[in-house]
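Both of the next two complexes hold subunit A, though its partner changes from subunit B to subunit C.
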Partner chain A sequence: MAELAEQSVTDFFTYPPIGGDDWRYTFATAYVRALETQLLSRATLLDMANAENFERAADLLSAGEYALPQANRSVAELENFLRNKRSAVRKMFSSLMVDEPIVTLFRTRDDFANMRLAIRRTVTERPLGTDYSDDGNVSAELFEEVFEQENYSLFPDYMAEAVERAVLAYYQNKDIRRIDYAIDSVQAEYNIREAHRLENIFLLGFFRIQIDLTNIRTMFRLKFTESDRRDVFLQGGFVEPDRLKHGLDLDYDAVGQLFFATPYHRLVETGAAYLLSDKSFLRTEQQCEDFLIGFLKTTNQITAGPQPVIAYLLMKENEIRTVRLLLTAKRNSLDTKLILDRLGE
Partner chain B sequence: MDYGLTLALVGAGLAALMAGIGSAVGIGIAGRSATGVLSEKPERYGQMFIMVVLPGTQGFYGFLAAFLVMLNLNFFGAGGVPEISVQLGWQVLAACLPIAFAGMFSAIHQGKVCAGGILMAAKRPEMAFKAGVVYAVMVEVYAVLGLLVTMFILLKGLSWPTVG
Partner chain C sequence: MLANVNATRMELLQLRRRVTLASRGHRLLSEKRDEISRQLIKIARDIQPLRKKVEKELLETFRRFMLARALMEPEDVKAALEVPTKKFTLAVEFASVMNVKVPHLLKEMAGEIICYGFTATSGELDVALLALERAFDDLIGLAEKEKQARLLATELNMTRRRVNVLEHVVIPELQGTIRFIYDKLAEAERDNTTRLMKIADIIRA
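Right after this comes the complex of A and B.
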């Protein structure tokens, strides 16, 4: 475990190791394997992207679990429908997982997302609102209460630390993006710490990849905006921050070569080329998503273990996001080429 | 009860016990896997059933070896169980070990192979027999070899006492 934490990006070919079998998860693994067969196929997603309009795209889903009612297909209804779908998947995940701390760890994603929203609203002196996710460890009601009373001691330690760092970061130069960087940083540290505590190689690899992908996205954004900031890269990934900082000083054509010895070479090269030609991060986003999905698919080699269950949760959430993206894009009559670029080949 | 007979019965007991434990664990693994798939795809029951019961055969092999020992010791015949030498007792015990160990370990591993086959059949039902069952049968071969060695020794390699 300690060796894996020190593992560098050149120590594996495409994806880091994911650990072995855990026979306590025999039923859960088989259950999600059966469910995986019901995930939307790539062909269906491409058909949706190529559909004439929103109605046609929605009709393509009518045979499966995403069947939307014909009568009411408003934006609010669609959002509500997809949110319920996501909640149901998360509930199922909680019921299948034998290790409760892993469920808690994944719930913190909503805690951090809620916090991001609440701090942004607080520092910009907007109403706190009530639209917080209830899928986290901290209930939406408690969230509102804590921020209204500014009594952050009611939060778990990791959240109290995130609030403190985010608020401090914001008031350094009143830059709203600093809140995101600070929370991303606390979240990344927390995830890595918990993966170590749980001695879960798969989670450690997953979170380290997530950090790398976040850093690569950040590198492209900083390059594109020609920002001179260098202190926003997250620590703990496989790629050392110095390589990312060096990438900021290179041309778009050369940045791919910098990652030649890493599994992110194709991702960076494709993303940079698209950013240069189309002035858009679409392809980078798509490549990052594909890389993560590729890693999750390596759990196919596990006959029983938490890895396939976690992978199913993440793939299902990704599917829900993709459906939302496609239907929203179709509703807003976005160019099909743009949608296909986001979906990938 | 004399020492020789005790050793022979320990051998018979180990054959049935260890192979039986292996089968129970193997079926447990394959069974849990199958119920996971069946809860979403009940139509796959037939394919799953074969793979769940396959690790059960080792238990029968162990039982068969134990039964052969008991039969040769005249457990079920008239005239009672004859006295046997300590040397024969050790020989019977040694004869039972191949199926006891091969049965136990092969059943557990077969259960894992079957669980893998069940997962594959959930996604690729056409491969259920070609890969899932065939691979599991390959593990079975080694339990069969263990049983054959046990049977050869019990039936051909020992001088059993005659009753009366």
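Right after this comes the complex of A and C.
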């Protein structure tokens, strides 16, 4: 496990190892294998992208679980429908997982998102409100109570640490973005730490890839906005931050070469070319998503274990996002080329 | 013709002065009308391409924003855009164009428009916000020009009506009254002459 934590990006070909079988998950794995067959096929997604209008695109989903009511198909209703779908998937994930700490770990994503909102509101003296996500480990009501009383000891340790670092970072130069950078950093560290504690090779690989992909996207975004920030890269990925910092000084054409020895070479090269020609991050984000999905799909080789269940959760969340993208794009008559660019070839 | 007018020589002289003044006012207002029309056409020519540009830019911004919104989780969108860091102030100064006070908008922007971290947000949101920032200059320019055009159009309409009133009502009315007084005075003159001739005949007889 310790060796894996120190593993460099050149130590594997495309994806890092995902660990072995865990026979406690026999039922759960069989269950998600059956559900995986019901995931929307690429052909359906392409048909939706090429549909004439929103109604036609929505009709393509009418036979499956995404069937929308005919009467009310407003944006708010659609958003609510997809949010409920996501909550249902997460609930199912919680019920299938034998290891409760893994469920807690995935719920922290919503805790950190809620915290970003709460700290921003607190430092800018806005009303705290209760409009927080309910899918986290900490309830929306507790959020309001803790921030009103400023009693952060009521939070779990990782959240108390995040609050402390975020508030300190903000008051260094009263830059609101520092809150996000601090929370992102605590979240990445916490994920890696928990993966170590759980001795889960798959989660470790997943979080390290996620950090790499976030860092690559950040590098492109910093280049695009011509920002001189160098301290926003997350620690703990396979790619060393110096390589990313060096990438900021290179032209878009040369960035790909910098990642030649890494599995991200194609992703970076394609993303840079598209960013240069279309001034958009759609292809970069699509490539990052495909890379991550590719990693999740390697869990096919696992007969029984938490890996396929986690992979299913993440793939399903990705599918919900894709459906939201397609329906929003169709609702607003966005160019089909843009949608196809985001979906990939 | 004006009502309740005294048919006196004094009144005739006053009316003649008023006609001269009205004619000069008519000429000046016609010139003002022509100049406002010229300015208005110039502004309208500028507005057309600017409006097209702004609409295109806003459409692009809207598209990118919709994409970003669809790609991000709803709670992340809310957290990212809840507290903006860009400060925007707008001051209005007035300039005079043909005695019409037209506004000149002065904007002041401080801070960065990207007000969120990179992990939970989409790059398309950066693209959308930067496009919106770029569109702002043109948007303010367009608002300024459209307001100017609207004010000039109102003034043009008013001036045109004044010119028309002078041309078709005031001056013809004054000229009609002058003609009436002139006729009245001529009639009185003829009366006097006839009366004097009759008296002379009586004396001679």
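One rule holds for everything that comes next: the second predicted complex is superposed on the first by the 345 of 345 C-alpha atoms of A that agree within 3 Å, B and C clash if a C-alpha of one lies under 4 Å from a C-alpha of the other, contacts with A are read in each partner's own complex, and residues count from 1 in each chain.
We adopt the following convention: contacts are C-beta pairs under 8 Å (C-beta built on N, C-alpha and C of every residue); 3 or more make two chains touch, one makes a residue touch a chain.
Fair warning: this is a prediction, and the values are worked out from it, not measured in the lab.
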Could you look at A:R177 and tell me whether it touches subunit B, subunit C, both or neither (first, second, both, neither)? second
So, A:T303: does it touch subunit B (first), subunit C (second), both, or neither? first
Comparison of subunit B and subunit C by subunit A residues contacted: C
Subunit B versus subunit C as contact partner of A:S94, first or second or both or neither: neither
Looking at A:T336 after the superposition, I want to know if it touches subunit B, subunit C, both of them or none. Which is it: first, second, both, neither? neither
Using the touch definition from the top, say if A:T26 reaches subunit B (first), subunit C (second), both or neither. first
So in the superposed three-chain picture, is A:L35 touching just subunit B, just subunit C, both, or none of them (first/second/both/neither)? first
Touch test for A:R120: subunit B only (first), subunit C only (second), both, or neither? second
Does subunit B (first) or subunit C (second) touch A:L234, or do both, or does neither? second
Subunit C touches which residues of subunit A in the complex? 79, 83, 110, 113-114, 116-117, 120-121, 124, 126, 131-133, 175-177, 179-181, 183-184, 187-188, 214, 217-218, 220-221, 224-225, 232, 234, 279-282, 284-285, 321, 324-325, 328-329, 332, 334-335, 338, 342
For a test of understanding, state which residues of subunit B touch subunit A in their complex under the given definition. 29, 32-37, 39-41, 112, 115-116, 118-119, 122-123
Which of the residues in subunit C come into contact with subunit A in the complex? 62-64, 66-67, 69-71, 73-76, 78-80, 82-83, 85, 112, 114-120, 122-124, 126-127, 130
Which of the residues in subunit A end up touching subunit B in this complex? 21, 23, 26-38, 303-304
